[in-house]
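The same chain A turns up in both complexes below, where it pairs with chain B and then with chain C.
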Partner chain A sequence: MTELEAGRAQTLVPQRGGAALQRYRDVLIALIAFAVLASLPLFTGSKALLDFVIRCSAYGLFATSLNLLVGYTGLTSFGHGMFFGLGAYSFGLIMQKLGVPIPIAFVATLAITAIVAAIIGAICVRLKEIYFAFVTLAFQMLIHSTILSWASFTGGDQGLRGGIPRPAFLGINLANHVHLYIASCALLILGLLAMRQIAQSPFGYTLRMIRDNAARASFLGIDVWRAKLTVFVLAALFAAMGGMVMALFVSGAYPEFAYWTISGEAIFINMLGGVSTFLGPMVGTVLLLLLNDTVTRFTEYHGIVLGVVILFFALGLRKGLLDFVAEWYAHRRETGEGR
Partner chain B sequence: MLEIRNLAKSFGGVKATNDVSLDFPDGSLTAVIGPNGAGKSTFFNLITGALRPDSGKVLLDGVDLAGRSPPEIVRHGIGRAFQVASIFKSLTVQETMLAAVSADQRTSAVLHKRFPLPETRDRAEHVMELLGLVSKRHRTAATLSHGDQKLLDIALALVLEPKVLLLDEPTAGMGPEERWRMIDKVRELWESQKITVVFIEHDMDIVFKIAPKIVVLCYGRILATGTPDEIRNNSAVVDAYLGTEHAGAAA
Partner chain C sequence: MTRTRTPGISRRSTLALMGAGAMTFAAPWVARAQAKTIKIGMPTILSGRVAQLGTSSRNAVMLEVEKVNAAGGLAGRQIEMVIRDSKGQPQEAARVARELVNTDGCELMIDAEASSGAFAVHEVARDLGVFCIHTNSETSALTADPKQHIPNAFRTARQGVHDSIVGGSYAAAIAKAKGLKKWATCSPDYAYGRDTTAEFTLYLKRFAPEVEIISESWPKLFQPDYTEVVTKILQAKPQALYSCLWGGDLTSYIDQANIYAMFGQMEVFAVNMADYTALTVVKNLPKGIHSGNRYIKTFPTTPENAAWGDAYKAKYNEYPTNWSWENATAIMLMAEASKKANSADGKKIAEALKGLTIKCPFGADGTVTMRGDDHTLVGYAIGWGTTIPQEPYVPEVKAGDWKTIFELEAEWKKSKGYT
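Moving on, here comes the complex of A and B:
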C-alpha cells in the first residue's frame, strides 16, 4: 500500500536528518505549486479556468480532509459534508450579521467547527464501522434540516442570499476575482501542507496503527478514542476551510452545501483519486470536477455518466488513479532493488 | 513481582477463571499449560485488561491493576504478545518499532514534528537486533513470514520495556523446527533482559525442557504448580491432562 512506499522513500535518505529533509521537500513542493498557480492569471485571462481552480481548492481541501479519516484512520464518515456546510454557513452568517473583518470571521468559523465537531465526534468515534458511518450521516441530516427549517436565520431553502460582504483587509480585496483566486490557492496549499504534516507526524503514524489494528494500538498504551476524536476534529476544520472558500466563491451559502450528497461527492472523489496516497483526493477532485463540467455540457443525464465512471473505478479497478501510480512506482523500485 | 490474588471471571454459568492466586517473582520464567478451554487465554486477558475480572486482584509491585484499561496496564509495565500475531499490516517493521516507542514515550499525539522522532531510534534498533529483524526492517509487516510476524508481535511488547512479558502461545502455528528456534529466542530474551516472562505453550517437550516453573490450569482452576519434575509426577495432572505416556517417560 501507500505507507509501504512512503516508508521506503523515508529510509532512502540518511537516517538522522531524514525526517527533517522530507519536511523541507514538502515545503519546497508546496512553494513551487503555489508559484505556478499564482502566476496563472499572468498567462491567461480565462475567468473559467481561474474559477475551476477556486472550486478545486474548496473541494480539494474538503476531500483531502476526508482522507485523513478514511485513508489514514479507517473511519469512513458518510457525514463529513456537514462540516463543509457548517463552514460555509458560519462564515457567511458571521460576515452578514456582524460585519467583522474576514480573518476574524475565518478564525471564528474554525472555532465553531471545532466545538461542534468535538461534540459530534465524542458521540460517533466510539461506534464501529457501519454504525459510525450511519450516525455521522444522521448528524449531517440533522444539520441540513436545521438549516432548512430555521429559515429566519439561515434563509431556509433559499440559502444565504444577498451576497456575503467581502471588505478588503491588509490590502487583499476578495471581491476582486484575481485576489480571491490567489487567496483560494494560498488556503489550498497551506491546508494541504498542514494536513501533510499531520499525516507524517508521530500522530499520523498513530492513526495508521489504529486503522490497521486498533486493539493492538491500545495494548501499546495508545488512547484510541482520544486519537480518533482528535483526527475527527482536525479533519472537520479543513472541511470547514473548504466550505469557507466555497462561500466566498459563490458569495453565499446554500442548503446543498450541507446535504448528504456533498459527503457522497467527497467519498467519490476519494474513490476516484485513491486513499492510499496523500495527493490521491486532490487528483480525484480535479478528475471529478473536470468530468462534471464536460459531461454536463454534452448531456443532461450527467448523473448516469458519472455513476458509470464511479462504478468502473469502484467495481472494475477497486482502486483510485493515484493508487495505481503508487503501486507501479513501488513495483519499479522493488525490481530496481533486486538488481 | 506480579501477584495474582483470587482472580475470577465467569461467562454466563462458565467459570473461565476460578479463584486463581499465583506469584510470579521478578525475573522468573513460567509456563502455563492446560487442555483447550482451560482458561489460559482468559487468564492473560484478565491480567492485561482485555477483560474485566469479576473479582480479585492483579498486583504489580504492590499496585492493583485489576479492571484497568489496557493502555493503563501497559504503562505500568505488563506487555503481551498474542496467539495470532497482532501487528500493523501496512507498516514496515522499522515503522512499527518506532511508532511503538513513540507510544511508550508519550509522543504518539505529537503533530508538529515529523515521524520518526530521533529519540525513538535507539530503542527501536536495539529490539530489532534482539529479535533478528534488522535485515527485514523495510519489509511491510503483511509480507513477513508467519514466524517473523510472531517475532514482530513479541518485539512490539518488548520494545515497551515491560517488567512482565506475557506470551500467548509464541509457537502457535509453527513447524517443529521453527518452534524450537522460537522458544530458544524466548529463553534467550528472558536471560538477557532479566524480565519476568509467562508463556502459554501446548508442546509438552518444550515446556518440560525450558520452563523452570509450570502452572497447570484446568476448568479455570489451578490444578498444580511446580517444577517440571513435580508436574510430571503429579497424579492429578497426569489424569486430567498428560495421559500416561509422559508419566511413563518420566518413570
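Moving on, here comes the complex of A and C:
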C-alpha cells in the first residue's frame, strides 16, 4: 500500500498547460479505438470474438467505474456490484413492462441509478475505510435480498424471464448481433472517455487529494463529503451502463448480477490490471475474461488456476499488470536519462 | 532340390492376413471419418455446492451416448459431447451456451442448468434457434408459460406442479386416515421453496379441507444451523410437517432434528428425501419419513429400471441422482426422434419429438411422452413412499395417478392464465 501511495504521489502533478492538448489526444485515441473495434466484424466472422468484446464492454465499464472510487478517491467499495445489478434490472424491467424505446429506457435507468446511488452514497461516504467497505456491502446484500424476495416483480431467483424486448430505434436493431456489438463498443468508448475526462478534470485531482489526505483537502476549503458523494453517484452511473450491456447480452437479468461476488470480480479485475493507471481495470478485464474463458474450456478446476494467478499478482508482482508495466517503463526512462 | 519353403504360414499369406486384419479394424474408423460426428453442447454446474448433481448429469449422458454411438449414432453420425462448467452463474451459462454453438460448432444442446441458468440458456436457444432440451429445471413456468414457448426447446425434467399434485393427494389420504389436522411447513426461502410449498398445501387442503397450517419456517438456502427452526416447530406441536429442503440442507436438517427426537413426534413429509444423495448421507435415517421419489432404482419396480441403476453404479461407483434420469431421458428421446426423422438436423428432430412416446426405464408404465403442446415430459414415474434406514431405503412407493395429474394441471394452468 505504501509503495503504491509513493508511486501515486509522483504522478500527482496536474499538467495545466497541456490539459486541452491532452483532451484532444484522448478523444483521438478514443476515435481510433472505436474505429478499430467497429471494423472488426468486417475482418472476422467469429461470433465468439464479438461476444467476448461485448462482455469486455460490460465488465470494463463496471471495473473502470470502481477504479474511480478505489484508485482515484481511495474509497474501497465492496458493494459496487449493486449498481451493475440495478442497471440490468431497471433496464430489463422498463423494457419488459413499459415497452418504451431503448434510449428512453437507457436514460430512465441512469436516472433511477442516480437517485438510488445518491441515497445510499449519502449514508456511506461519511464512513471511512473498512466501515465504508462494509456498509456498501450491506446495501448490496439489501438490494440482492430485495430482488430475491420481491418475486412477483423481479422474478425472484429465476431472474427476469421471457427475454428483454429489443425494438429497433434510429435504424439500430439490438436484436442483431453485429448491431449489439457496435452499440456495446460505442458505450464502452464513450463511457471510458467520459470517465477519463472526470479523472483528468480539476475535480479528478480533488479526488486524488482527498485520497491522499482528506483532512488537508478539507482545510483547503473542499467539501469532502460532497466530492465523495458526487464521484460515488458518477461511478454508479457507469456501473449501471455496464449492467445494461450485460442485460442486453444475456437478454435477461439475474440476481447473481447484484450479488457480492460480482463486486468481488470487479475488485479482482482492478488487482489484476492495476489501479494507478486509467486503463488498468480495462487490461484487467481482458485478462480475467480471457483467463476465465480459456481455463473453463479445459478444466472444471478453474478456481485453482485463478487462485494461483491472483497469488502471482499479489505476492509476485505486488501490483496490477499495467502498474507494473508503467513503473518498469518509467524506471527504464529514468535510468536512460541518467546515462 | 532343397525345399526353401518352411512349413507353416508363408510370408505372403501372413501379409495378406495382416492386411485383412487391418482392414477389419480400420473399417469402422474409416466409416466414422466419412460420416461427420455431431457435436452436442452441454452447459452444466461442475463446480460449487451442487457440483455433485452436475457431475451425475454428465455421467448419465455419457452412459446413454455410448449406447447410442454403439448403435450407429444419430442418423449415422457419432455423437461427441462437449460438456462445460457454468459455475451455476446464469451469465456464464449464457456465455458457455453461445460459445458451444458459435465456436465449438455444436448443432444440438442439452441444457443441464438449474433455476435461473436454465432461463438464461433458454434465451440463447431463442436467439440462436439451436435445438435444446432443458434437463434439470423443474420450474413449471419454463414450459407452462406460453410466453416462454419456442419451437426448438423442450424439457425432460420432472415438474414442480406434478410433484405437488401427487404429494398433496398422497398426504391428504394419510392425513385423513391418521387424523392429522395441524400441519407445519419448513422450506428453503427462495422461489422453488415458496412455490412448491404453496402448491403442496393448496392440493393438500383440496383433498383434505380440514387441514390447517399452524407454523411456517423459511430457513435460508444453504443455512448451516437449523436449531431455531427445529425448536420453533417443536413448540408449535404440529401433527405433521412438510418440507421441500433438498441435498445438503435436508441432510443437515435431519441430523440436527434427530437430536431433538423430532421424527418420533410428528409425521414428516419431505419431498426430496428419496434421492440417493440424501439417503446415503444422513447419519441416522429415521424410519417412516414420507418422500416423493427422485431417483430410486426400486421404483418403478421394473427390471429395466433396476438394471439401469446398477449399470450406472457399476460404471461410476455411486448411485444415480434425480438429475441423472432426467438427462438420460433427454438422450433417449433425442436418439428416438432422430431415428424417426432419419436425420440429425435440429429442426427435424424437434418436429419428430413433438408428442413422441418412447420406451423408457423411468416411465410410470414403461414409457414416457414428450407432450406436443407444451414441450414437456409426462408419464414419468412419480410416487410417494416411506423410508427405512437401509437399502432399498424406500421399499414401497405408491404411484401417482397421471389422469388426476393431467386434470389438476390443466386447472392450475387456467388459474395462472397460461391457457
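What we mean here is this: the second predicted complex is superposed on the first by the 318 of 339 C-alpha atoms of A that agree within 3 Å, B and C clash if a C-alpha of one lies under 4 Å from a C-alpha of the other, contacts with A are read in each partner's own complex, and residues count from 1 in each chain.
Simple rule for what comes next: a contact is a pair of C-beta atoms (placed from the backbone, for glycine too) under 8 Å apart; a residue touches a chain by one contact, two chains touch by 3 or more.
Model, not experiment: these values are computed from the prediction.
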If you stack the two complexes on chain A, which partner ends up touching A:208: first (chain B), second (chain C), both, or neither? first
Touching partner for A:156 - first (chain B), second (chain C), both, neither: second
On the A-aligned overlay, A:316 touches which partner chain: chain B = first, chain C = second, or both, or neither? neither
Contact-wise, after the overlay, does A:250 reach chain B, chain C, both or neither (first, second, both, neither)? second
Contacts for A:171 in the overlay, against chain B (first) and chain C (second): which applies, first, second, both or neither? neither
In chain A, both chain B and chain C touch residues none
Within the complex, chain C is touched by chain A residues 46-48, 51, 55, 148-149, 151, 155-159, 161-163, 246, 249-252, 254-257, 293, 296-297, 300-303
In the complex, chain A residues that touch chain B: 1-4, 7-8, 11, 15-16, 19-20, 22-23, 197-198, 200-206, 208-209, 211-213, 215-223, 226-227, 230
Show which residues of chain B lie in contact with chain A when the two form their complex. 48, 50, 69-71, 74-75, 79-80, 82, 86-92, 94-95, 98-100, 102-104, 106-118, 121, 137-138, 140, 156-157, 160
Enumerate the contact residues on chain C facing chain A in the complex. 46-47, 51, 84-85, 87, 89-92, 94-96, 98-99, 102-103, 115-116, 119-120, 123, 126-127, 139, 141, 145, 147-148, 189-192, 194
